[in-house]
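Below is one structure, written out as structure tokens; comments come after it.
Labels run A, B, C, D and E following the written order; every chain starts at residue 1.
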Amino acid sequence: EEPAEAPAETEAASSEPDAPAELTGTVTISGSTSVEKVGVALAEEFMALNSGVEVTYQGIGSSGGVKNAKDGTTIIGTASRNLKTEEKEWGLTEIELAYDGIAVIAHPDNGVEGLTMDQVKAIYIGEITNWSQVGGADAEIVVVSREDGSGTRGAFEEIVDFEDALKEGALIAEGNGNVQTTVAGNPLAIGYVSFTYINETVKPLLVDGVAPTVENVVSKEYGVSRPFMMVWMEENMTEASQAFVDFAMSPEGQDIVEEKGAIKAK
Amino acid sequence: MSRAIKDKLMYGIIGLSSAVTVGLLLWIIGFVFLNGFKLIDLDFLTSDFDSKTQYVSVKTMEDYSTDGNKLGINLELEEYEGNQYYVVKSIDDGSPARFAIVKGGEKYPVKVGDFIKKVGSENLENYSPSEVNSIINGMEEDIMTVKVTRPGEGILPMLVTTLEIILISLLVACPIGIFGAIYLTEYAKQGRLVKIIRFATESLAGIPSIIYGLFGMIFFVTLLKFDYSILSGALTLSIILLPVIIRQTEESLKAVPDSYREGSLGLGATKLQTIRKVVLPNAISGIIVAVILSIGRIVGESAALLLTAGTVAHIPKTVFNSGATLTVKAYTVAKEAGDIEMACAIGTVVIIMILILNALSKMITLVFNKSE
Amino acid sequence: MNKNTKFSVKDLDLYYGDFQALKKINIEMEKNEITALIGPSGCGKSTFIRTLNRMNDEIDGVRVEGKIELDEQDIYGDIDIIKLRSRVGMVFQKPNPFPMSIYDNVAYGPRAHGIKKKSILDELVEKSLKNAAIWDEVKDRLNKSALSVSGGQQQRICIARALAVEPEVLLMDEPTSALDPIATLKIEDLAVKLKEDYTIIMVTHNMQQAARISDKTAFFLMGELIEFDNTENIFSNPKNQKTEDYITGRFG
Amino acid sequence: MNKNTKFSVKDLDLYYGDFQALKKINIEMEKNEITALIGPSGCGKSTFIRTLNRMNDEIDGVRVEGKIELDEQDIYGDIDIIKLRSRVGMVFQKPNPFPMSIYDNVAYGPRAHGIKKKSILDELVEKSLKNAAIWDEVKDRLNKSALSVSGGQQQRICIARALAVEPEVLLMDEPTSALDPIATLKIEDLAVKLKEDYTIIMVTHNMQQAARISDKTAFFLMGELIEFDNTENIFSNPKNQKTEDYITGRFG
Amino acid sequence: MEMTNIKSGFNKWRTDSTDRPKDPKMKANKKRDFMEYIIEKMFLLNACVAVISVTAIALFVFYKGLQPFFAANHEGTYSLVDFLTGVEWRPNDDVSKAIYGIFYMIIGSLLATGGAIIIGLPIGLLTAVFISEIAPKPLKMVVKPAVELLAGIPSVIYGVFGLGVIVPKLMVISPQNKGQSLLAVIMVLAVMILPTVITISESAINTVPKSYKEGSLGLGASKIQTIFGVVIPAAKSGIMAGVVLGIGRAIGETMAVMLVAGNPIAGIPTSIWDPIRPLTTNIAMEMGYAFGLHQEMLFSTGVVLFVFIIILNLIMNRITTREGE
């Protein structure tokens, strides 16, 4: 034992900016896979600041998160889209955590660099089925979409305007990561993912000639974007959960949001 | 002679089929091991899955070497998930970083491989490698606050969760299954009730685990408000295990010769005495094998657990915490991140566990058979 | 009824479900005698002997009608089966020692009846093994598994085990059929000696054996008791043609 | 060697792993005779009879030494086992008809040997069933399962099945021990009839049976051939004390 | 041999012991009998838990799953015919817009299962023959544990294997560049049912009485003739049981097929290259967030699955009772 090495407890605590008073408990979060990277990073930092609190995040899709928040299965739900009319009736408290773009992606070897919004729609409803119809090689397009409860899919269908008209036979991948790996593994595939998931294994396509970048979303030039929401029922809220929400909306929290590739809410 | 040729041909086809079976196994195992092996080391088994960040307090030291710093740690810039961070490359012998503590006084020694993101209020990423040491050494405080991020990529939480779920499900299912089997073999007359019970256990065995998941999710998670938790998962699994345990236990009870029972009853022992002193001791190896088999089933289960225990990769503090077992995690990393390597690394661990369980049950049977 | 009568069986019928395995059996078996039961396979010998300590109760769907009296008490009345079975011991066709030590085998019965004191158990085990004429052969390895000795020795251990609960009657169902000739002779000698203190009822396939050691012989055929008499009479001068056919090897 | 000798066995030893089940057996068995093999359980009768068509080859760890000649040809030499077995047919203790129709049972052997033509098969089946004295009882239900008839009929179907491959020798391992007395008598009569055309070697537990139907009797004890002689001599005037002890029921 | 004082030796016991076995009256021991009775009932209670569980699960699934087809359901209703014959699955919070047709999933599940059996059964059966009849001991000691290990590997790992190996390989040879397809599912399932088919066939073959084999060999039939002429026909019902269990495993498999099936929202598969959406994955994918009518429709999917399993169980019962006869 080295008693001399032990600094005073108060010093350790006070050296930390805005350290809240001793919090304990578990903050359970579930929902959007698009929000997952942001959420996990926020959780990690929050736990570092509050060693008595455990924050867990389960990425199961936006609808799942909203429903779990309503049921109290997890305290907080996240969604990568606005609440639907029906969900709005549940009496959830909602807060916009961030904004995010949805990128249309293809295999890096694909010759097509960009599509118009109409082409994207035509591909997803099955009117265009061959890459040659959009300036690519003569090969069938393999359309990859998200599962039904996905916020990304909900937002994408709404923005591209083909609600409830996804073509038959489109591959359904669960989660952003799954779409990304499916497209990365198939030279003929097209898919869409949250900006936070883009990496060098896939090629983001220009939409109407605009590149999918944060700047273009902020400047409203890139149209395919949506909010990241956090929702909860007030009666389930704990002190720690409230502290987490507050932290997420604080400047430090918003820095983390930006660091992970999403767009600050404020 | 055509018979001889036909026979040869059939031998060939039979041999080929067996070769295909064994070949498939080798292929699968080979695929899993080759992809997974490079990730597996002691750290893999003992680290968290998510990276973990802590603010620690470190007392500075005065006599640091000229190219070192007050904290006694040597840092290098490395890229991680698209960002540049300083990583601890080595720690000096007398470094105070070895005695770092977190708020609350708990020890949290800095380790090689940790990311140091902040010292005091300075973000280290903002400085070049040549500046870093002088920035640190330029600070006045005797005690510095250091932001340490320890990378995860380990499976410790899943190991713990898996063990917990094994423990609880066995705790619930074993007594029920074993006692139930005792009733069926030792007491029940071959009447309607036995037929119903037998039909029920057989049906239970045939229900796909996704249906158990469906049930468990609505019943344990939502209705009983256990939420996504180890408990919900374990209870769902205990139902899955019941038929496995009942059937296996019944088999091993039936294997006890009736002559033992008659011998005991003929001496005026009661039924319970007979069961306790003669039947169970002779069936015990089979019952243990049943338990081992059910452990295998727990380790392998995914669909039912996904819907009841959730996917959180933290070491569970209580049974009401959500937790992913190894197999569930292998699924989620394959599915969501498309991280085949990680899935295979976890798969390797799982396959090794199954191998051990298989060998164990073989050994138990052998040892017990020999002693008889 | 003779005052020496141990078991008295009156109009005994036994059914396995719909199948009648014993038909109106009437027989009295006496103290300190060996009663041999003979008859072709499936004639009901085992079934009969197992009614005497109610071992058939353990089998599903068995129905017993009629009366069996042990010392004039109806054993199918409101009695404690456990106590009945400790008065009427049983030895089986295949030696069936439990897979435990010789000592534990013999002490099993007394322990089941609540005897815990080591000194009493020791004494009981020794007495029983001596009375079963096996003590000298196993006294140095009482802690060895009972399965490690030969079949004949196992059978005598089983007899010792039965003796240890101090029964009054010993039922033996073909006790020597799994044994070699020498072991068989040992068990036969033992039976003859034991009858001084016990009532012995023994099923046997081996007619020579019945002739050699029993006092009375009962001949069963298809669930019926065809003839019951002194052994001498049965073998030298059977009254029933079927008995004669059987003992001269005309069938079976 | 007698010119009528069918099987000639010289210094035959057989081991199951380390255990020697047959010890220096020397015996000659003749054409058109019934040779009975008797002896207590476990003495090696089945083991011996199974060496004659190399059925023991199917058991792991069996080692055979010595010589067995069938018509002066060493059957453990470089011969085709399949052919040997079609010359030396076998009937087992428990009737073992295959779970298929009576017709298919009897036609099984010929089919295995490549006969496909329906007319030939029909003829063979009828002939074999007739020879096995079962034709009249089953001719109207050749397409019924062979398991649907009585045990004695099953055994005769098995004999017909063996006859259908037109063997020269019939090995029978306790062919009647699972049968009732009437069925037993039928099989015995059949055996006596068949010996006109075949060589029959039969294991039996029933000494009366051996005495009734066999020409020669071999007495085995613990793997050894103790005595082999005309059946009359064995039963009326055995040379060996052990034989006498056995046939007078002193043991076994 | 001393035999004289056989009775006196026990005198000590008689006086020391309270519960003497010697009791000429043999009066019933009420207390002990009651204890035995209680314990027996406790065992019975445990045995009944299995019954309770099945009943609870079945009731639960059927109750929730049949709701949508009754007019009084407050979550909304759906036509049973449309449900069973529909070829599109488009859940929607707006009940009037939602489409829940599972016919294409039923077809997908059945095709996948059938295909897996067609591939897996012969290989499995012949491997079982190899293990039980042909393999020399050392080889048997390799193949048997291999099969056991194959049985123990979690389905997720099969799925990962399918995703990592089978899907990319199929992508190369598929005319439409789709790796995730009916064929991929069939291949993964065929491997997965192998151990089931093998172990059950093997034990069925092992229970064929030796006398059949000896009978056949004794007639001069060769080993192969014996195996295919007598052994396999005699083991038929056991092998059928293996097939039925294999079907059960295939039709109920979830996680492995989810990774390789493609899971489209509509469309009856018309070729082995088309993606399918098996019933199980339909449940697994959407259960996490479904509520209201949508959730009930997932239970309805469960009901269909359940019905398949019940049919299989009945077939199984048939097989085993026929065997018993």
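Side notes on the structure shown:
Heads up, the rule we're going with is that a contact is a pair of C-beta atoms (placed from the backbone, for glycine too) under 8 Å apart; a residue touches a chain by one contact, two chains touch by 3 or more.
Note that the coordinates shown come from a computational prediction; the quantities given were computed from them, not determined experimentally.
The minimum number of touch steps separating subunit A from subunit C is 2.
Summarising the inter-chain layout, the chain whose CA centre lies farthest from the centre of subunit B is D.
The count of contacting C-beta pairs peaks for the chain pair B-E.
Nearest to the global CA centroid, when each chain is reduced to the mean of its CA atoms, is chain E.
Distance between subunit B and subunit E, defined via averaged C-alpha coordinates, is recorded as 24 Å. For the pair subunit B and subunit C, the distance between C-alpha centroids works out to 57 Å.
A separation of 60 Å divides the Cα centre of subunit B from that of subunit D. Averaged C-alpha coordinates give centres for subunit C and subunit E that are 48 Å from one another.
The set of subunit A residues that touch two or more partner chains comprises 60, 174, 182, 185.
Shared interface positions of subunit C, i.e. residues touching 2 or more other chains, are given as 82-84, 86, 113, 165. Residue positions of subunit E touching 2 or more other chains, listed in rising order: 21, 32, 222, 225, 258, 288.
Residues of subunit C that touch subunit B in their complex: 53, 55, 58, 60-61, 82-86, 89-90, 92, 94, 96-100, 108-109, 112-113, 147, 158, 161-162, 165. Every residue of subunit C that touches subunit E in the complex is listed here, in rising order: 71, 73, 75, 78-80, 82-84, 86-87, 110, 113-115, 117, 120, 123-124, 127, 130-131, 133, 165-166, 193-194, 196-197. Remark: subunit B residues 189-190, 257, 259-270, 273, 277-278, 281-282, 372 touch subunit C in the complex. Residues 3, 6-7, 10-11, 13-18, 20-22, 24-25, 27-29, 31-32, 35, 175-177, 179-184, 186-188, 196-197, 199-204, 206-215, 217-219, 239, 242-243, 246, 268, 270-272, 296, 299-303, 306-307, 327-328, 330-331, 334-335, 340, 343-344, 347, 350-351, 354-355, 357-358 of subunit B touch subunit E in their complex.
In the complex of the two chains, the subunit E residues touching subunit D come out as 137, 209, 211-222, 225, 229-230, 233-234.
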